[in-house]
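Each of the next two complexes has subunit A plus one more chain, namely subunit B in the first and subunit C in the second.
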Partner chain A sequence: MLNFLEILIRGLMLGSVYALVGMGLTLVWGVVGIVNIAHGEFVMLGAYFAFWAFSLLHLNPLLSVLLSIPVFFSLGVGIHKKITERLVKEHELSALILTFGMSILIWNLAQFFWTNTYRSVSYLTGNFPLMGLVFAKSKTVSFGLAVGITAGLFLFLKYSKWGKAIRATSQNPEVALVCGINTMKMRMFTYGMGIALAGAAGTIISLQWVIFPQMGASYISKAFAIVVLGGLGNIHGALAGGLIIGILEAMVTQYLSAKMAQIIPSATILLILLLKPTGLFKK
Partner chain B sequence: MRRPPLQKNHAYLGIAALLAFLIAIPFFASDYWITLVTLILIFTVYASGWNLFSGLTGYTNFGLAWFIGVSGYISSLLIADHSFSWLFAWPIGAVLTSIASIGVGYILLRIKGVYFAISMVALTEGTRELFGTEYLTAITHGGKGVPFVAGIKLSSLYWAILLLATLTLLICYKITSSKFGLRLLAIREDELAAETLGIRTTRDKIIAFALSAFLVGLAGAIHFTYQNYIDPSFAFSIHLTLTPIVMTLFGGVGTVFGPVIGATLFTFIHEILWAELSLLYMSVFGAILMVLILFFPQGLLGWMKEREILPRIRKI
Partner chain C sequence: MKKNRLSRRDFLKKAALGAAALSAGRFSGKTIFAQTKAPIKIGVAISLTGAWAREGELEIGGYRLWGKIMNERGCTFGEVEKLGCSGPGLLGRPVEFIVYDDKSDPSEAVKLIRKLIVSDKVDLILGPYGSAVSNAIAPLAESYQIPIITPLANAPVIWEGKRREWFVGVLPPAWKNLYGCLQIGKEKGAKTVAFIYSDTAFPIGATRPLVVKAKQMGIQVVLDEAYPKETADWEPIMSKAWSQRPDLILGGGYLPDSIGLVKAAKAINARPKLFGFLVGPAIADFAKSLKADGLFVTGETFWEPFTKTPGNQEFYKAYLKEYKGEPSYHAAAGFAGGQILERAVKEVGSIEDKKALRDKLYSIKTTTIFGEYEVNPLGHPDSGWQIGKATNLIQWQRAEGKKLLPNQVAVEGMVKEIVYPKETRTAEAIYPFPGWSK
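Presenting the complex of A and B:
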């Protein structure tokens, strides 16, 4: 039974990071109306950001987590301004194909420049015991960071003026525009936030797992599973979805095999679309 | 000033001459050229098959590699482990893939566009993982792949894919000028309105999807027989989905001959780029895809139709 509790906690810690990736995707999808297939690639870039900062500049990885937020925010704003804003009014599938191309471009460039070597940030290794259970230091710290960023995001969306404007744009862009909200600016800001969440999640991921140029693919399928579970554009749903995917993954890895755990995202997407396409959670 | 439209008889003569030339290729050309044209024809079927469903209905299929991989695996395993002849293995693979695609379509095509696109990616990724797991090793040989020899001559394989490509184009040509094709176009333009007018949209989408799966699956079976090898990461590779989409976008989405032009051009580009910069090859394709969507979304044939160099009819 103790073992079961340990796996449950491991799943929750895993899920908290997945939720960050999923919330970024669902936020951009809901507000900007663009499905960013390249979202996983920004997770990969975030992980490499922490890796290079650590190995070249000897920057503390915890500091790169904080630093990655403004860096990736600006990157996202730039990309949206130059590229994706043109597609907002087009058929949604144009944006889908475009971001698909972007995803291929980014991970292949990463593969070209950084090679296929598996890398990792060796910081915070080792375990510590607490109340009879054993915790990995890196995973516990990652969990704390993920919870912190999630709380910050929720407070921002709930109470700040910009957060309210973003929610208004998501609910009805035309009415928001009539009420004097600059929806174009909100889309840009939200796109930046989505990319920043992906980048921050990437830096956190680099603390606990190996990183390689193609890692984005596994995170994008998890993020899609989370969005489908939580319902499109639903941030709270995405948080719950992330935790569910994390716990499922920990359980399947433990009781079946690691290879089977990789089928979870696809199986979840297909099952949810078959049974309840609007997602499990009310907005 | 309006340009005079192409003379119909001249067009038929041209096509007949091209076909005669293509049939005769194995009698005089070297193996290198036969191989190259075989690849062009395989990708013509992939691109046309993608276009047949996605180009007409507007539902982007990001899981083309799923058709190719599933059919390729079924036929390869039949040949390798159950000593089937290729003549039976290919159609069995394609038919089973088509039947499976009806099941997939029944689940995924009831829901609007984007969900369909992403779940096809998920399905392809998931199937790749599934085929590599230890639980299915007895059937699929796991992740290490299946080498096999089908005992088919290159020239016979070439004629088989030529026949399939010709049939595919004929089917696309017939469909675009049929009522069925019009219904599919209506789904692309406004699905809700189409439904209101009494079109059974889900049924039509599933029919087009299954037809696309059959043609692409058959080409996939031929592709892996030609390669004499199959493994999960190769069979369900993103490359097999991406390349036909780029080819179709370049030639013109929703046109009949656009995918052929795209497949021919990009197979040559592949030959050149692969040798010169194999590592940057995929990034170049990703960049081309972005540029096409941003600046050239109507494709080559669409552009020529806009300028009235070609007549503005759906049959081209």
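Presenting the complex of A and C:
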């Protein structure tokens, strides 16, 4: 029973980071209408951001997480303004091809500048016991950060003027425009938020796993599964989807096999598209 | 007053002189081959991106260094030097590499090797990184009848019972990689072992035979599980292994696996008596990445800078000068692949007669900077499989208070010590694992 509880909590912690990645993707998809294949690459950039800040500037990785949000937000806003905004009214395939190209470009550049050397941030590497259970320090802190960022995002979207405008743009851009909302600005803002979430997730991931230029690929497949599971553009759904995938992964690895756990994202996409294409949590 | 201005004629003269001087400068420091000598084109399809990019990068670094030295002096170091250095190049022809990225994907490598043979018409081929890719391209060597030396592959699936006639290996059989861990465990009284390993050809080939050997040695196997190659979080699988409280946790796959597994073990406070992981621990990145958490972890090595093989000192110095970083056994194996080719080509005296070259590769017994080279001969069921080379087991130990051997370098306050086999060991294995650093 103790073991089960430990696995469950570990799955939950894992899922909270997946949720962060998934929420960024679903936000951009739902509001901007762009399927950002390069989302995983921004996760990778976030991880490198924390690594370089830690090794060159000796910046505490927890500070990096907070710092990454404005940095990646600005990066996202810049990219959207200069590149992706012009694709909004184009065929969806154009955005797919462009972001796919962007993904290849980003990891190739990362590989060129930072080489294929595997890096990791040696910070909070130990564990601590609590009520008979053992918790990894890095995962516990990561969980706290992920929960904090998620809560901030929810509060922002629910109560702030801009948050409401983003939701309106997501639900019906034409009506939002008629109501005086600058939908173009909202798309730019949302794209920035999506990239900021990916960057923050990356900095959190750097505390736990290995950093290398191609690491984004493993997160994008999970992010897609989360978006499909939670429903396109549904932030609450993405949170639930991330947690479900994380818990399933931990449980299936423990009680069945690690190989079976790996097929969870693709199996999820297949099952949801077959049984409930709108996602489990689509209103 | 004389005007300090250039006339058009003066300008043209000076510009022509300048251009001539510049072009001469471009060639200075480079070896100029007679125009009649066409280069020897060596094709390589290797992992430069994807999961095995780092190992591939190190291996190609070894190949390129060998090519560079050949183009400068016509021979490399150690035993092969005794064949003579008859001027720059191999048989007096410059060595030129055509390199493609197989993206750590065996099917991509197959396409690229075909392209190298059919379109680029390369003269020779040096192998990719890893067993999965090597296994995929081995049949091409047979069908196109072009000899391939693969320095970094040793899964049984490549050679066992396959009677390969054009494909030779440099590494000893994969099951020997972590065999030292079982031996040390047995000597020290280990009763249980958990195997967790990546689900690809090499880790499977390196680990599954050990499951049988562990049982024969009376060590109970409490877990034998392969995890997917794409794994990015090793905590669930490490947690599953540790839930059985084994004395030994062995397996892994490549460099990211070993780093990830150690981080995961510390995160969940797993404390078996010995950790043994494939590939990664021998690479300096492992220690740089994990720092003190890498202490007491063991892994296989086939070469170290302090190994006493002929020409090793010269190779080590040349590598440091060329790349400004420490070589790993991957780079040394790449260099040795070139040296084996160098010996075979020089002894045959031609690169056109592929069959003679193949026969030579299957029959020579030599020692490179990497160690012994001897493969099962043609006609043997496992022909081409390396039998001469020995495997060592290293363990990261504290550098403090140790007298280091020449070229034995400390990384993050730790040094690699050879702990198995007894004949070559530089230190006694630290067993049981003393616990995690704070």
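Rule of thumb we're sticking to: the second predicted complex is superposed on the first by the 277 of 283 C-alpha atoms of A that agree within 3 Å, B and C clash if a C-alpha of one lies under 4 Å from a C-alpha of the other, contacts with A are read in each partner's own complex, and residues count from 1 in each chain.
The rule is short, and it goes like this: contacts are C-beta pairs under 8 Å (C-beta built on N, C-alpha and C of every residue); 3 or more make two chains touch, one makes a residue touch a chain.
Everything numeric in this text was worked out from a predicted model, so none of it was measured.
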item: Combined model on subunit A where subunit B meets subunit C, clash or fit; value: clash
item: Contacts of A:111 with subunit B and subunit C, given as first, second, both or neither; value: both
item: Subunit B versus subunit C as contact partner of A:225, first or second or both or neither; value: first
item: Subunit B versus subunit C as contact partner of A:46, first or second or both or neither; value: neither
item: Partner chain(s) touched by A:94 [first = subunit B, second = subunit C, both, neither]; value: first
item: Touching partner for A:257 - first (subunit B), second (subunit C), both, neither; value: both
item: Which of subunit B and subunit C A:86 touches, first, second, both or neither; value: first
item: Touching partner for A:249 - first (subunit B), second (subunit C), both, neither; value: second
item: Partner chain(s) touched by A:208 [first = subunit B, second = subunit C, both, neither]; value: second
item: Touching partner for A:277 - first (subunit B), second (subunit C), both, neither; value: first
item: Residues on subunit A lying within both footprints (that of subunit B and that of subunit C); value: 108, 111, 257, 259, 262
item: Residue ranges of subunit B in contact with subunit A within the complex; value: 58, 60, 62, 107-108, 110-111, 113-115, 117-119, 121-123, 125-127, 129-130, 132-135, 238, 242, 245, 249, 279-283, 285-290, 293-294, 297
item: Footprint of subunit B on subunit A - complex, ascending; value: 35, 37, 83, 86-87, 91-94, 96-98, 100-106, 108-109, 111-112, 217, 220-221, 224-225, 228, 257, 259-260, 262-263, 265-267, 269-270, 273-274, 277
item: Sites on subunit C touched by subunit A in the complex; value: 48-51, 53-54, 57, 196, 199, 225-228, 230-233, 235-237, 239-240, 243, 255-256, 259-260, 263, 266-269, 285, 289-291, 293, 436, 438
item: Footprint of subunit C on subunit A - complex, ascending; value: 3, 6-7, 10, 14, 107-108, 111, 115-120, 122, 125-127, 134, 136-139, 208-210, 212-215, 218-219, 249-250, 253-254, 257-259, 261-262
